[in-house]
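Before I ask anything, let me first share the structure, which is written out below as structure tokens.
As written, the chain order gives the labels A, B, C and D, with residue 1 at the start of each chain.
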Amino acid sequence: MTEPNNKYVLTLTCAERPGIVHAVTGLLLKHHGDIRELKQHDDQRSGTLFMRIEFEVAESKEIAAEVAELEASLGQLAEEHEATWGLRPTGQKKRVVVMVSKFGHCLHDLLFRARMGELPVEIAAVVSNHPDHRQQVEWNGIPFFHIPVTAETKPEAESKLMDLVERFEVDLVVLARYMQVLSDDLSRKLTGRAINIHHSFLPSFKGAKPYHQAFERGVKTVGATAHYVNSELDEGPIITQRVQEVDHSFEPEHLVAAGRDTECKALSDAVRWHYEDRVFLSASRTVVLR
Amino acid sequence: MTEPNNKYVLTLTCAERPGIVHAVTGLLLKHHGDIRELKQHDDQRSGTLFMRIEFEVAESKEIAAEVAELEASLGQLAEEHEATWGLRPTGQKKRVVVMVSKFGHCLHDLLFRARMGELPVEIAAVVSNHPDHRQQVEWNGIPFFHIPVTAETKPEAESKLMDLVERFEVDLVVLARYMQVLSDDLSRKLTGRAINIHHSFLPSFKGAKPYHQAFERGVKTVGATAHYVNSELDEGPIITQRVQEVDHSFEPEHLVAAGRDTECKALSDAVRWHYEDRVFLSASRTVVLR
Amino acid sequence: MTEPNNKYVLTLTCAERPGIVHAVTGLLLKHHGDIRELKQHDDQRSGTLFMRIEFEVAESKEIAAEVAELEASLGQLAEEHEATWGLRPTGQKKRVVVMVSKFGHCLHDLLFRARMGELPVEIAAVVSNHPDHRQQVEWNGIPFFHIPVTAETKPEAESKLMDLVERFEVDLVVLARYMQVLSDDLSRKLTGRAINIHHSFLPSFKGAKPYHQAFERGVKTVGATAHYVNSELDEGPIITQRVQEVDHSFEPEHLVAAGRDTECKALSDAVRWHYEDRVFLSASRTVVLR
Amino acid sequence: MTEPNNKYVLTLTCAERPGIVHAVTGLLLKHHGDIRELKQHDDQRSGTLFMRIEFEVAESKEIAAEVAELEASLGQLAEEHEATWGLRPTGQKKRVVVMVSKFGHCLHDLLFRARMGELPVEIAAVVSNHPDHRQQVEWNGIPFFHIPVTAETKPEAESKLMDLVERFEVDLVVLARYMQVLSDDLSRKLTGRAINIHHSFLPSFKGAKPYHQAFERGVKTVGATAHYVNSELDEGPIITQRVQEVDHSFEPEHLVAAGRDTECKALSDAVRWHYEDRVFLSASRTVVLR
């Protein structure tokens, strides 16, 4: 799907106060930006405003010049309000590195959705601590980096990863069942730029082998949680969760199999919403303007 | 739950053109309306704009006077843009007449939700073509009207109904498994003011005995559809649909039982969203700004 | 719905070994029991067999005599295999005591389903530590007992409860949002005979105020868990779980409201399956032969 | 996952009469078959019995000989009762031909699940009326046959297909978004041996472009239906259905995208249950013993 290049997404978040929506829409009006969809939410506890606007610049205009001026004006407005903001064309793909270990279903799902154009991303590289998925990745025309990790080599491995993130000018790191815990340091560096899929409905069953924990507890639903990585294991802000009904006949290995679909779906939804600029961090939670 | 009286919902729909959001938020700013949540959607096919804003008027202000001025200004703006609009305090309950036949589960569900304060409605009266539910309705302190309907008495019965709608100053008629087809004339009078629950996932299984039709076809899901009434049977704009998985062991009477929960949930969601001013008619569809 | 009295449900559980199904179906054949549905599951870890059979006794037979003989033969077979078993007519309602505190939605839901004949139970009594629901319960023709509980009076209150359980010859105690923790002693006495609804998808958010815990963690689904009570708080064997999607706009009080429907549904499903003899205890888990 | 070769699935369906379960389990007992799971259902309208048994033959026995004798005895029993039956080792993969047109998501999903061992099938060949997916199929080591279809060449194309079905000794044909209507003749030949995925919750939106039909009707859920092919278009017995919530913001192309996941899941579930011998035809419906 080729997108016309006059469509933009504007996001803005700042301390809540009257007049922000009016001011921003005033700038859009001045620069011939016609709003297609606007969503704005106030988080009342923290007093924070979150806003996302899809708009089109009238075709007859000098689009590049208009947008440049709009950008300058927005920057000024944002400075006054100490706002965090972003403006980007909707057609523009972002670049992602996918990290994976032995379980390949999420990787495979992301590769297919990216190839189909269903996910607005370009997978710039795949990194794994196992060599298993090289062939499949390279068949998709994507470079594959095998970076083994042991307790001793972890700092070195993480440093290689950050090199790749910089070299490929990557916007997001997707941990698609990457079974290594990132160091505090790397987690901090990747704050808001790394999405992990955990194979349980957090906060149930943190840590290792969640499906086996779920079996022991005898739950009747299993789930998957896509969340931003932070420095506490399985404690990062949740973007989305999906669950699936199970019953007594599911042994742990059946739970593992049953969970694959929910994992793929939760992770790809999270990545899509991130790339559509719908997800905002709000302390330990997320605001998702769908 | 008593609501503070400085919270309002503003809705507006008109032909799409640049500057509307800016103009409306300008009026809010002028009259000390602080936006809590704003959702705006353009339907690109029809070129129609739909907008819903929750806002609070600053407590320190003369709220009634501010809102009166805002109302006047909005009226003027709406006239210029040939917009349909509404402004009302969020704490204000609307008045509803519920119509029912023999199956009482949706009625019962609505009575309970209204009593709990979960549904922002006041059930002003219940009308039925059967006497069965009188005791339960009256126990809730609500007047019950038994209006039998036969082919001959239908015009008269419908006229009685319209009398009640007017006498009780009712905003909405809820057909909670009312098993009589309304006349074209009455349907037209109630356009956008009557919600029906149909016990199938429309457009499958229109007309009578949908669960029996579903059984014959051997479907593996059954559903319920809440929709506005129009003059074509089971063809009105859909507000929401819910489904439930079933299997080969369900005889028609089990489908009927299984469907009760989905019917109750779909109908009460539709009524809530209607009363929260989230549902907009858009030709044969609805826009629901949740 | 009046049920014909020649339909029975037979349940049996014992250590797994060859020949059990053959032996039991042999007895049914001999006593003119015609099988309508048979479900049998082996739990391979514990080596336990679970079986549920719905059958009809041929109408032409002396049903009472046939069933009595069948019962005797089954008793003998069960003794040989050290099996736990049960045989009862499907039309026979069981008797239940419902316990409730201030939140009345689950109570209300159970009352309605029982009145409709949708739940095969007779609510023999309602017990509450608050007087709030007396009027509604008594309107349904059911005795209401107000038993306040404080730290000091708890033993006395529990003893009163057990008196009621015995006096009303109750088969099951349903904790329908009863906000008091049962003592170890009472929990033990009620093992396998008390179902609780917990308002989270356990094991997430055990203990008090789970929706507030869920809000703090920023989850995107909330849920409800129906489980048998045991002596560890919120650790009993799970019968069923239901979840519902939520988003950033849900404050704790909205989560509470959103969760009501899942709580009602999970609890009533659990009670129904229990009464249809579909739920078997298997150590810390349940086997549910639906 | 390599499966041990002493596990079997036995299926049997015949006119309902007393003693069948007893007789079959007697043969299993005699031939050292230990039942792991048994499910039996009577369809009371048609008076038909459906039964599925998973069992293991004791390891110490001459398994092949035992099973051969069991098979002979079952054959005799089946003849007496005019039963349809089957017996096969659970580890044995069945052979499938997948047919596809331009949309590749279901094909891709099946290829991955088969490769993972999650679907107990061997994809013997892929047939398409377009050349698009050749590369991907051949990368999986599976032969790809491009058989274009026009109004004139349809008989010839279908004859080629049947040749492949015979040549590859295929047990099932999977229409994975194959956008050609099969002839009556071919449909009849493939009765009970061809599964199609239709991209709506049938019987809504039969025929072409169901997502566009769904958009026009303004539905709030879209779905997918996996069903056996018969000679009436989109009228074959339904195996499973899945739905997904949508809203006003979904244009037809978004519905198409949103539906992909439900299509993949419904189709792969249907294929899995078919291969696990869980699906029985019962006139225009299916019985699925999960």
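One rule holds in what follows: contacts are C-beta pairs under 8 Å (C-beta built on N, C-alpha and C of every residue); 3 or more make two chains touch, one makes a residue touch a chain.
Only a predicted model underlies this, so the values are computations on that prediction, with no experimental measurement involved.
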TODO: Would you mind naming the chains that touch chain A and likewise touch chain D?
DONE: B, C
TODO: With over half of the numbers shared counting as same, classify the chain A/chain C interface as same or different.
DONE: same
TODO: Give the chain pair, either C-D or B-D, that is connected by more C-beta contacts.
DONE: B-D
Task: Label of the chain whose CA centroid is most distant from the centroid of chain D - done: B
- [ ] With residue numbering as the guide, point to the option in A-C, A-B or B-C that repeats A-D in over half of the contact pairs.
- [x] B-C
Open item on the list: Counting only Cα atoms for the centres, state how far chain C is from chain D in Å.
Closed with: 36
Open item on the list: Quick check: how many Å separate the C-alpha centres of chain B and chain D?
Closed with: 42
Open item on the list: Counting only residues that touch at least two other chains, what does the list for chain A look like?
Closed with: 37, 41, 44, 249
- [ ] Between the chains shown, work out who touches whom and classify the graph as line, ring, star, complete or other.
- [x] complete
Task: Touching residues on chain B, where the partner in the complex is chain C - done: 1, 37, 104-105, 108, 112, 116, 118, 139, 249, 253, 257, 260-261, 265
- [ ] Give every residue of chain A touching chain C within the complex, in rising order.
- [x] 41, 43-44, 201-205, 216-221, 223, 237-243, 247-249, 251, 282, 284-288, 290
Open item on the list: Taking the touch rule as given, give the residues of chain D at its contact with chain C in the complex, in rising order.
Closed with: 18-19, 21-22, 25-26, 28-29, 32-42, 44
